[in-house]
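Chain IDs A, B, C, D, E, F, G, H, I and J follow the sequence of writing; residue 1 opens each chain.
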């Protein structure tokens, strides 16, 4: 099942630059793992914001929640999930 | 350039069933053309609603607008477009 | 997988009383079928409104959409779906 | 009387990990008590968020408020309550 | 149990003046009955609008819904219900 | 003139428990005075929230503002005021 | 007591031009009367919209409601009223 | 040109009482100057809130912005500006 | 003075195709006149919608309102106006 | 491709005056560079707010994001981007 996931990143002003750098690297690494296992299918930046829109795949909402919680930035993320149903005109993931 | 397009379908109550059927067929045909030419990349139904979320590709917003206007259902669509920027963690369209 | 489904009923003012009565009976019948097959688990009225909140179960969003479309009142419903994930403190459906 | 309760958890960034762990354990314990006494009927996670949706039962809004205040996380919760009326198509709590 | 009920009246433009007058009279009569039986405790106009805010009393949300449905204007009303809990500083209905 | 007053209490996380207790006692005392002088007619808790809805009486908005400012919790309150007009179906304050 | 009144005019598409002209003239006449009696103090157009913002004076919300209802356009108006309190820095109506 | 200006005051909880008193005095003094020079025409308190609605006059939005920035409380103000157009029924500033 | 003007076009479903064509031509002609006289500086389509965002210049809000009212589509437009102030970093209209 | 960019500046209360001055100077310098290279076409202040509306030009959303991130105030900006399509009535940038 696919999900459209909207994420806004809310880093506290008090976070130091090294901590931000460290977290960003860990986040990229974890995203690569989730992509490799087919959970994170696509992700885009929302221009002008620390935010992204992503296409995720998971057996159900419980598994999706576990994947999202595994992100190192998780404590700082504001997330909205839209469950997606199949559309007859979908060209498919190719 | 990719765009996230949110579409709500607002068919007037007065539209007859045959007209709906005819329009739906024409819409599916046009969607197939747009998919074949690489403009409509993915599309999903929003469960419970006559609505969809789609991933579209177009050179710019002007070309995207032309593609959306070419949909037979266009006069009845309520559309929101979100321009997307590349994200370093995007696994890509594969 | 469970879903929280919010439904507002928007009957056109032009609908005749007999048509309303007929539709309400058909709706109740279909709801009973969906309940019998375990798709509609619970449903409540929102006090003061032609609206309900329901707990639905379906394999995924595509199956849920099919179930919602099968409601006789479907053309007149405004629906929001919230996918639900398991919570460790859930006493369960008993 | 049943209520649909929407809870968002807003833990302060300054809360230490041990304090979070301690509170989560106390919360789970209290939730179990409320479930055992028939006040908390069902609860689900909202995927991607520290949030839940729950089905609660209480004699009235005053008793429900007392139950919600008894949660250890109470000072950090943002809560919306929707009173529910019986629906003739409800399969019941079975 | 008390409820704060917000009602907006949405009469169709096509309703004739005699029908409006007839409905207004029936509404006032039914309101008087609900007041006499202790269901409608207080009601105020929202200045500038065909709208009111009311304090209602009913055993639960199901009974409140039945009372609201009994209003002759019911098909034209947009209603929001807020369940109320007791407050220790309430001077009481006196 | 009567007013419907909606109050959300936003206590800072840094406030100590003794200070909260002291403020709550002072608030209850002031509310009792305002009730005694006929300014605070009714007040209810919004279930699940540090919030209340109240029915206030004051000669005009200026006097109401003065009464609200006199609450010890005033610096922490988020307040919305709805001026109320008389409704012909109001059973009255009894 | 003064009130800030926000009015959006929603004329039905079906209204004929002569009817619009007649109503506009009647509205202007009634506005002049309300201004002469000191109820309508100031009124401005919201640029780009059939809408206005006005400063009104009335003994209380009930009297204000009566004044607003007396407008010939009343059945087509969407109105929001903000009760105003005196401000120590107000230069006054001069 | 006239403007309707909505101001919400957001003082930080950390501001000391003497600083608040000093700022309030400076604000009143600057408001008096702006009133004297015909920039601030009227101002009202929103009952129950540290907020006001004001009628301002300035040659254009740039001049209005300069006037608003000159307020001592400026760093703590949340401001919305509505440009106003002349209305034929306006009784005028007298 | 410059204004940012947001326009949504709401054509009634009942409007015939010839009437739409005639109105669109008249609108384009009037827009050209407003551009020629320096009132309409720039205008863009919002992709996917019958809507536009425009940069307008007018002595004040009253003159802007007159210009907007002169559009043949005016009865069908939903308009929001944002007054603009000069910014020191503006490269200017060049 | 052109974009309409809405920016709200959210400086933390804890930022010192010298830091604000230094950042404002760096921001103006960077804005001048972006204007010189044709990325920032126009920018206006929203009267009464630390906010601006700007017209930006960039090959696509990815390039626009890079330009916005290059602003020294970037960590404190809340940004909304609206992609713009060509309009046949646009007088053009002259």
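Basically, contacts are C-beta pairs under 8 Å (C-beta built on N, C-alpha and C of every residue); 3 or more make two chains touch, one makes a residue touch a chain.
What you see is a predicted model, and the numbers here were worked out from it, not measured in a lab.
Think of each touching pair as a link: the shortest run of links from subunit C to subunit I has 2 of them. Just to note, of A-C and B-C, the chains joined by more C-beta pairs in contact are A-C. Centres computed as Cα averages put subunit G at a distance of 23 Å from subunit H. Inter-chain spacing, taken between the CA centroids of subunit G and subunit J, is 39 Å. Averaging Cα coordinates per chain places subunit A and subunit H 43 Å apart.
If you average the Cα atoms of subunit B and of subunit I, the two centres end up 27 Å apart. Along subunit H, residues 3, 45-47, 61-62, 64-65, 81, 83-86 each make contact with two or more other chains. Those residues of subunit E lying in contact with subunit C across their complex are 3, 5, 12, 14, 61-62, 64-65, 68, 75, 77-81. Contact residues of subunit J toward subunit I in the complex are 2, 4, 27-28, 31-32, 35, 40-47, 52-53, 55, 82-94.
Every residue of subunit C that touches subunit A in the complex is listed here, in rising order: 1, 3, 60-62, 64-65, 81, 83-86. Remark: subunit G residues 13, 45-49 touch subunit I in the complex.
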